[in-house]
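The same subunit A turns up in both complexes below, where it pairs with subunit B and then with subunit C.
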Partner chain A sequence: MKFVVCMKQVPMASELPWDPKTRTLRRDLAEGMMNPACKQALELALGLGQKEGAQVTAITMGPPMAEEILREAIAMGAHRGLLITDPALAGSDTYATSFTLARAIEIFCPDFDLILTGCHTTDSETAQVGPQLAEELGIASAAYVDEVTVEGGTARLRRVSDGFLETLEIDLPCLVTVNTTNRSPRYVPLSGLEDAFGEVNILSVGVADLGIDPALVGADGSPTRIVDVTAPRSGKENVVLTGAPKKIVEELLERFESRISGLIRQDIRKSDAR
Partner chain B sequence: MRLDPCMKHKLVRKAVREFAEAELGPIAHDIDRDARFPWEVVEKMRPLNFFGLQVSRDFGGAGLDSISYAIAVEEISRISGAMGLCVTVHNSVGAYPIERFGTEDQKRRFLPRLASGESIGAFCLTEANAGSDASGVETIAVDAGECFVLNGTKIFVTNGGVCSLPLVFAVSDPSDPTGSSCVFVVEKTMPGFSVGEMEDLCGMRANPVSSIFLEDVRVPRENLIGGIGDGTKIALATLDTGRIGIAAQAVGIAQAAFEAAVKYSKERQQFKRPISSFQSIQNMIADMAVSIDAARLLVYRVCAVRDAGGRFGKEAAMAKLYASTICSEVASKAVQIHGGYGYSKEYDVERYFRDAKVTEIYEGTSEIQRMVISRWVLSESM
Partner chain C sequence: MPAQRPEIWVFGDYRNYFQNRVTLQLLSRATDLAEKRGALVCATVFGWDTGEWVGEYIAHGARKVYLVEDRRLGRYSCDLYVGLMERLARRYRPEIILVGATSFGREFAPRVAKRLKTGLTADCVGLDIDENGLLVQTAPAFGGNLLTRIVTPQKRPQMATVRPGVFREIPHDHGATGEIVRIDFPEDMPPDRVRLVSSERTLPVPRHLGNAEIVVCGGRGMGSKGRFRNLYELARLLGGEVGATRPAVYARWADEDALVGQADKHIRPKVLFSFGISGAIQHTAGIVDAGFIIAVNKNPKAAMMKMADVAIVADAHQVCLALIKEFKKRLRA
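Entry: the complex of A and B
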């Protein structure tokens, strides 16, 4: 069997500053890391791959430094890596990204059985690339999956949805986006890291290698426009009630009556009436 | 000349940091308080090759270069100095002498056990009357044909309480300690081998440092590393390598103290301002940052020289001397920045402060390092 894991390098710090002018994250300020949900997808692929004797290919699209997470994936047990990197891809939204990933998979992993992605990334949280990639490839998909087993030509999936445990079956080839629960990704063995920088199969390709019209990718090929990004504000406002006690109680009830449970409310009203 | 870490070294740091923060982070304070060796973490470290960092791949090690090794030790020590100590001693003075001076048969018999972490290594040199002066060793190895019979007492053995395959330094002729010095691989299970009480030390409390007693221990001849008379040479070469590990450990402890101090100085308010806004605190933070950077660069330099196959005795001594000196200074400043809280056992800087001191003492005291460095300098300038 052949598994493909699509992964993204994200900034390590979760509370990164963002640039108010460009409305993007200041990625230059952070070390990169493998997106946690992608690591979960890789762990699921490696575990299932060991059982099924599958070859696992790790794919990422990003700047040249994204090669790092492919090396990490190989150190953890992936068999080969594909780095899609090209200045023309800068600014790609989820649509352009899934389009590019699909073309790369068609060329370099055409006979895949299962594609696994993280359910979302910590830097943009759209959760769109996985399902969009399935659409691009014309295959079935399921999102937020916890467990995958393979029997014959069918993948059996389990996920928690709206408080229910769902068991689904999908014909292979298919795509699943993997949830971040229930799994502890393996640590990177140091001998694996030594191997990952030895004779390993990491292919680096650009837009030309994929036969893609550059106008269809990158910022130009991305229909999404970020209108505004703001940091959510949290805070409490102090209101000091003044006046006679009766007036204060009335005002309190006015503000909070709906939140005070029935019996207490009745008591207050009774004493108020007296 | 490139001074920024390459992708591999960055990944080694990330991998070890992730492990250390997740597995050692939550218990580092408690294992120090309870003087407990965390076997449960050792169990997890074994398959990740922490016990065969530089052992060659043929014998089950990770086969890492020296910089990766130093980074690994630094990152473990950043979380737990005592476990950094366990790892560096096991690798640099437990396994390395066998890799470097052992026969193929010895490597085949001992290295896989050490590299897998099945057996923890140790280096038994120090005695009541020998330490800085290796020629004062009184443990005697009497040649009895098929085996040597060892008698003596070793003290301050790092990993002493948990080692099962230590190297023991001895002499076969007390009248000629240097000419008859020798090193043996000893099995914990050999009759006559016993471990004393754990030392009640100021720092590194999670490492079971102890005495080791050898009473008529019959060690097979094929466990002699090198030959009779090679002991001093092996010990000195081993200590050169060990110093890299201790220097890296010192950098890790200093880094931990520094990070704690920076964080605290931003949080602690006095006179309605964070104390980091005061120049006296800023000066301390600047000095800490510079000295840690300089120490780390000295460590990487000796690693680079070693990996290039050069002689690195002077560079190792310089790195060890400087890193251990600034480690104590940085930890002391970190306590100072924390004020009264820094003197409390509730805060980790108190542990860093205790752990830091011994880096100036073991693997050659600072005074010995200065002696080594000055010898090199004076002989080079002739």
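Entry: the complex of A and C
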């Protein structure tokens, strides 16, 4: 059996490398980590892979430093890693990202049985890449999965979806997006550990290696475009507001409306500002 | 045959109707957008025996309902619904498709967008039309610490998902009328590749203080039980929970469960409102992981005011009332 786990490197939650001058994310400054849901997808793949004797390939698309999470994946028990890195990929939305991942899988793991992704990331957290990757590959998928077992060419899945506990069956090959619920740690056999410390099997490729027309990826190949990003005020400023309660509240919501909108996930901006 | 007037479609997500009003909320927002765009608000309904929803959507703002009714659609199926939406959208070419960010919608919408070769913005907290007629989609990122505005300049339809509770539904209008466009279930539709073996309702996860993203905390400075009660109103408006200091619990203004402080009474909200609380260490030990803190106290020197992002020097009760009033106004949009 062959499993593919897609994973993304995200900035460590504790520090948000926002550059207020250039109004961009300083990803170069951020300490990166394996996105938590991707780690759960990997845990699930490795646990299931041990039972089924599967080969597990970890794939990430990102800047060169994203290789770190492939090394981590291999240390955890993945057999090989594929880094897709190319300046042409910068600014890819989920449409272009899933397109690129699909082309890489078709070339480097065409005979996959199961693809696992995280349900969402902690940075842009769209939860769109998994389902769109399944579409790109023309395979069935299920999102927010908690458990997977494989029986004679069929995956049996459990998940909770909109208040229903569901058991589903999908014929392989298929794709699942894995929920963030913690999985119990696996027993890692000694041979696995030895492999992890031996030769690290990571391949790095660019768009030309994947036969991709650069116009189809990156910002150019992305249907969505980011107009702007509203920055938080970094750190605690300890703004002191005094005066009449009504005026204070107006001032509070005026100054912090974007921030509060984001935090409460409701738009409290005055309609003319929307 | 694309429609004459641009159309804004809302996906009819009718499962869990009584808890999940997201479709009605989207119809309401779509009505505002349609006014700016000179567009028509439409709903899509896929299912079996769906008359109830069709009527409900018309009463809540849909002027046209695209209805596919067939026994094979008797249960929610991502595969079939994606296939239907793709076909309908190719035929009628809506300008915008809005989908509720339920678990189902989050799987459905990305796949539809991919098939239609268009963009999708996740979890919008704001939707508007700009001067060029483009849909401007505002979405949070990094756990709500950033807000992004996103557009889909070239491709159509423009697609967005929106979490339940972001927009307010418009009241039910019995007199509203709408056109119903019935479409036969296509006989060449590929079968569902996902087999549902079993499905049972789960008990809803109770919301509690410990996992709440928004907490409104009150202390002795609230002054009375009656005034403290307004904190519940504020929390309800924001979708948050109420916490209390020991004196407030001892005075029975709040239940024992609401106590916030050292030991097990830890909270981790993204936003904490703190009203009339001095900031004793036994209390602040429980809020070290709080994100954005807004504190209200008459005394600017109170410890709680020093650890706040915004320290409001005023009467806690008055500020609470003013916040309720202002949020009510702003959240109605």
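Keep in mind that, in the parts below, the second predicted complex is superposed on the first by the 196 of 274 C-alpha atoms of A that agree within 3 Å, B and C clash if a C-alpha of one lies under 4 Å from a C-alpha of the other, contacts with A are read in each partner's own complex, and residues count from 1 in each chain.
The rule is short, and it goes like this: a residue touches a chain if its C-beta (ideal position, glycine included) is under 8 Å from a C-beta of that chain, and two chains touch if they have at least 3 such contacts.
Given the structure is predicted, the values throughout are model-derived calculations rather than measurements.
Participant: Does the superposition put A:Ala140 against subunit B (first), subunit C (second), both, or neither?
Facilitator: second
Participant: Classify the contacts of A:Leu114 with the two partner chains as first (subunit B alone), second (subunit C alone), both, or neither.
Facilitator: neither
Participant: Quick one: is A:Ile226 in contact with subunit B, with subunit C, with both, or with neither? Answer first, second, both or neither.
Facilitator: So A:Ile226 only meets subunit C here.
Participant: According to the stated criteria, A:Ser124 is in contact with first (subunit B), second (subunit C), both, or neither; which is it?
Facilitator: It touches subunit C, and subunit B stays clear.
Participant: Between subunit B (first) and subunit C (second), which, if any, makes contact with A:Met33: first, second, both or neither?
Facilitator: first
Participant: Quick check for you: in the superposed arrangement, does A:Ala75 touch first (subunit B), second (subunit C), both or neither?
Facilitator: Only subunit B; A:Ala75 stays clear of subunit C.
Participant: On the superposed three-chain arrangement, identify whether subunit B or subunit C touches more subunit A residues.
Facilitator: On the superposition, C touches more of the residues of subunit A.
Participant: Based on the superposed arrangement, let me know which partner A:Glu67 touches: subunit B (first), subunit C (second), both, or neither?
Facilitator: Once the two structures are laid over each other on A, A:Glu67 reaches subunit B alone.
Participant: What is the shared patch of subunit A, the residues that subunit B and subunit C both contact?
Facilitator: After superposing on chain A, no subunit A residue contacts both subunit B and subunit C.
Participant: Could you list, by residue number, the parts of subunit B that touch subunit A in their complex?
Facilitator: Residues 7-8, 10-12, 14-16, 18-19, 44, 47-50, 52-53, 57, 61-64, 68, 72.
Participant: Note which residues of subunit A are touching subunit C in the complex, please.
Facilitator: Residues of subunit A touching subunit C: 11, 13, 16, 18, 93-95, 98, 122-132, 134-136, 140-144, 156, 160-171, 174, 177, 222-233, 236-246, 248-250, 252-253, 256, 258-271, 274.
Participant: In their complex, what parts of subunit C are in touch with subunit A?
Facilitator: Touch residues, subunit C against subunit A: 15-16, 19-20, 78-79, 102-104, 106-107, 109-111, 113-115, 117-123, 125-128, 136, 138, 140-155, 163, 165-166, 193-202, 204, 213-214, 238-240, 270-271, 291-294, 300, 305-315, 318-319, 321-323, 325-327, 330-331, 333.
Participant: Mind listing the subunit A positions that touch subunit B in their complex?
Facilitator: Residues 31, 33, 65, 67-68, 71-72, 75, 187-191, 193-194, 196-197.
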